[in-house]
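Below you'll find the structures, each written out as structure tokens.
Look for subunit A in each of the two complexes below; its partner is subunit B in the first and subunit C in the second.
Let's turn to the complex of A and B:
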């Protein structure tokens, strides 16, 4: 009786996991393997290639556009990750102090952009920032003295893509911070104000330290997300002007689909892959540390 | 005390102004979309004097938007159904059944969190080409059905279902499949709802993959399709905004109806049990 029931159990388990495992192997694990394998060949996008060893990687490290892409990707990460986290925290702190319907309404206004497709976001901002008729141009004119076609100006393009990205993705951070702020017991603040602590002291001594684990989580999630920047850039600047917004994933796209260099594109993809896995391992360590404390 | 009240009113005022400024581009997009094209560029009128829906009519009649809607709804619904089904079953097995390789599978799924799917687009495209699925619904759907975090969330929730319920069902002679679909699934409808909505929204909003795998205008999802309109007809902002509003409408409405579920799903998938 025993062994049979055990076999039955295993069979049931196999039936239950089979659909997921099969899909996983085909559309997830195999592409990971294929990406690494192809990066050592001179394959075009479609079709086989010959083994060329590390040639693609050597080429990558001699490719000027690769360095440009790495630099721009990191520049974009620098412009978005920390500001997006701090702005999210600020907005969350404003929202938690409200109540009821007002709170719900305000949260919707801040969160709504996050739910929109990227193409809708870029269409809206291209209109808002349009050089001739954009509603934001008087603001830019007031600051700089002239109207600027922001996505065609090497100086303005990346900061503006970053601004649009922050507007688009900030709601996610707000949600995480709101839930973290709600978890801080109210008594802490009451005790602190009885002791005569100012608002700023309360923030520094209570809110900030208790919030740190979530802040670290938001920072790493942001870092991973923004390293994968492609959509907004492709839709708003196509990497220009003069490659000033060219990023890593766009290099993958160009080499594979524009120049039919499957092997080389895979090598660049591997670089991005490794970079993100390293950051994710760091994030995992942070989460684990958080789980223990 | 009076002082604190003033402070609160100041803060409230500031928050409201900030929120309105933040949402202004959304308001502006909607307002632009209901203006006649001639008024759009004639200075900045904040509220339209006459409402003109001709841009919407134009989008419906002159673009492929209906096709794109059908493609988006069809692929997003199918992705959601497949993701939920396969992840739920796998999560259940990981949670409730002891089988060889269970721990290994769990660790593999967990490790997959780190894999950036964007880096896989080249090899996934090659795979879809081999399958003859380029420019088809299957091509859009297949690479999007693996979302490891959904498996883990299901496992966690199934873990916390009381053991006694399971034992009782076993005594009644229920099979594992019956226990899953008649006991564990109904007990966790909330989670299924939350995960379904967020999966649907993510599938609807995905740009990069459908953009790569679809080559004809008729097969595009709406998220990709709306970028074609400007290219083909020159810049007409009322029309651009009308079509953008139409592309965003379904997910915006889904969010407004299921706000709490969306929030819950975001918390769950970022590792905060909410």
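Let's turn to the complex of A and C:
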């Protein structure tokens, strides 16, 4: 077969990537552009609106619920990202020391919640934490001295949503850490134990630095995922009590679908987008610097 | 004083015994090589000395102290792993300094000792690099450096050269030998390569299926193997083995043997105290360099061999042949240029160079 001419090859290439490019433009690029564009208009949820310049943004920065939502979102991120990563690492380190079928069995147990739909997860935890019948109430009573309706208590609501989220998503982190731990050759630990390193020193000087790339990945994935918190809140607290669990995506949802303010909702969505970009870039730089030192 | 002594060492994984009653004495400053085919238990034995494997039975002494149940770090041994086990995130310096950093030694002392080891191993220019930036030979040296820095009583090497290419292996072999001369420490070295064993060892321990087959100096094992396994394992190319039967039983400490390939000739050979009956099968061994290409029935039996091919290496050549029964026989020739592999050969097996083994492989002598 003779080699095809250059033009011919280019045409083939274009044809081959066309389906993807088309899909990308239609279902991703255009909607994103539309969202940015809408944030400068007074459009309702469906349909066009008039250009209003920065009015939506000005309004957003004067909106008390916006600040509450930003604060709550960051609070939730703080409650979940680092604990979820550390708990995942701890569980993975325990599981990796088991052998064969036992290891697989325990891993499945820890991974199981991850495959459950969020509705099932929240239902389970609403039962567990139910003020009257919840199996966790005796524990809460033992610690605090009284039964607490956790999703109706501003102090308790967000930490409990965080707890449920960690329980739900931790299996995936465990999985990532286990595969990373398995990649560290046993020889390193044998050499280190000959060199007199205790278990803790082995962890600090070998396991932790060698796991760092995976830890950084888990932290970044978690951060992006948890900034987008919505489902659990919507299903368990609806932002309450007293807006103590109101988060950014919920604000977007309320403005767009509840109050038919497409333009304003878009502005809040843009703010969330910017927040995610800033925080992840910051974190990435921070982790990179740590990895080098 | 003994460097390391193993008495009645046993190792079992559940019901499976992998090391049976091993007794080895390693003198201080001696270079001892454990050699054997894969699965013979040599690495397990080394790891038991290191303290990385539990000892099921028997005692391990290092410089007079019983360390059988002491943890690895307190035994005063360093180990060089087959994979080198260098920490990929640490520089060469930090890799070598690891044990002293763990022990919280002063910085000056660490630097001085690492520099000293780096000088011995010619790694001075590479101290800042990561292991991934080094060649295989350099990594090997770092692994040895890490062992040197600790100034252990005993160095343990677990097949340290098997990840290197052939040329580098020869070079590193010499460096290890030089290192041993230089620092004079007790070294135990595990390999499956009998050439490494022969070239490095003061004393070789041949292992098979978890039992010691023979312990001795390299030439001892070569010249005077205890059994057919050692005879076949030590020496390259391998010793040739031919089948025979006992023709007449013991008379004056000798037996008369007939080779299957030379049914018309018999020869007498010393058999020590062994009692064999007429008709018992024996195996007769002869090293490739001892087979005479000239036909001389006065020195031993002669056998017809059919040449298959010849390896010409310049100074030495190996003629690979088969007997009429298909048994492979290798003949070594030195400094000869005329080809002799065109037609069947009638070779002589000098009786003084023959080794005779009974049906169980034990040497008759």
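We adopt the following convention: the second predicted complex is superposed on the first by the 273 of 293 C-alpha atoms of A that agree within 3 Å, B and C clash if a C-alpha of one lies under 4 Å from a C-alpha of the other, contacts with A are read in each partner's own complex, and residues count from 1 in each chain.
The rule we apply is simple: a contact is a pair of C-beta atoms (placed from the backbone, for glycine too) under 8 Å apart; a residue touches a chain by one contact, two chains touch by 3 or more.
For clarity, every value in this text was computed on a predicted model and none was experimentally measured.
In the overlay built on the shared chain, the residue A:187 is in contact with subunit C alone; subunit B does not reach it.
Using the contact criterion defined above for the overlaid structures, shared-chain residue A:139 touches neither subunit B nor subunit C, since it reaches no partner. When the two structures are aligned on the shared chain, A:175 is found in touch with subunit B, with no touch to subunit C.
Taking subunit B and subunit C in turn and counting the residues of subunit A each one touches, the greater count comes from B.
Applying the stated contact rule after C-alpha superposition, one finds that A:128 touches subunit B and leaves subunit C untouched.
Once the two complexes are overlaid on the shared chain, A:54 sits clear of subunit B and of subunit C alike. Contact with subunit B, but none with subunit C, is seen for A:23 once the two complexes are overlaid on the shared chain. In the superposition on chain A, contact of A:155 is made with neither subunit B nor subunit C. Judged by the touch definition given at the top, the superposed model places A:34 against subunit B, while subunit C stays out of reach. With both structures placed on the common chain, the touch criterion links A:82 to neither subunit B nor subunit C. In the three-chain superposition model, subunit A touches subunit B and subunit C at no common residue.
Here subunit C touches subunit A in the complex through residues 50-52, 71-74, 77-79, 81, 83, 85, 87-89, 98-99, 102-103, 146, 150, going by the rule given at the top. Across the complex, subunit B is touched by residues 9-10, 12-14, 16-17, 19-21, 23-24, 26-28, 30-32, 34-35, 38, 45-46, 91, 94-95, 97-98, 102, 104, 106, 108-113, 115-120, 123-125, 127-128, 130, 132-133, 135, 138, 167, 172, 175-176, 179, 214, 217, 221, 224, 227-228, 230-231, 235, 249, 252-253, 256-257, 262, 265-266, 269-270, 272-273, 276-277, 280-281, 284, 287 of subunit A. For subunit B in complex with subunit A, the residues that touch the partner chain are 8, 11-12, 14-16, 18-20, 22-23, 25-26, 28-29, 32, 40-41, 44, 82, 85-87, 89-90, 92-94, 97-100, 102, 105, 112-116, 118-127, 129, 142-143, 145-146, 151, 175-177, 180, 201, 204-205, 207-208, 212, 222-224, 226-227, 230, 237, 240-241, 243-245, 247-248, 251-252, 255-256, 259, 262-263, 266-267, 270-272, 274.
Taken together, the subunit A residues at the contact with subunit C in this complex read 185, 187-188, 190-197, 201, 205-206, 209-210.
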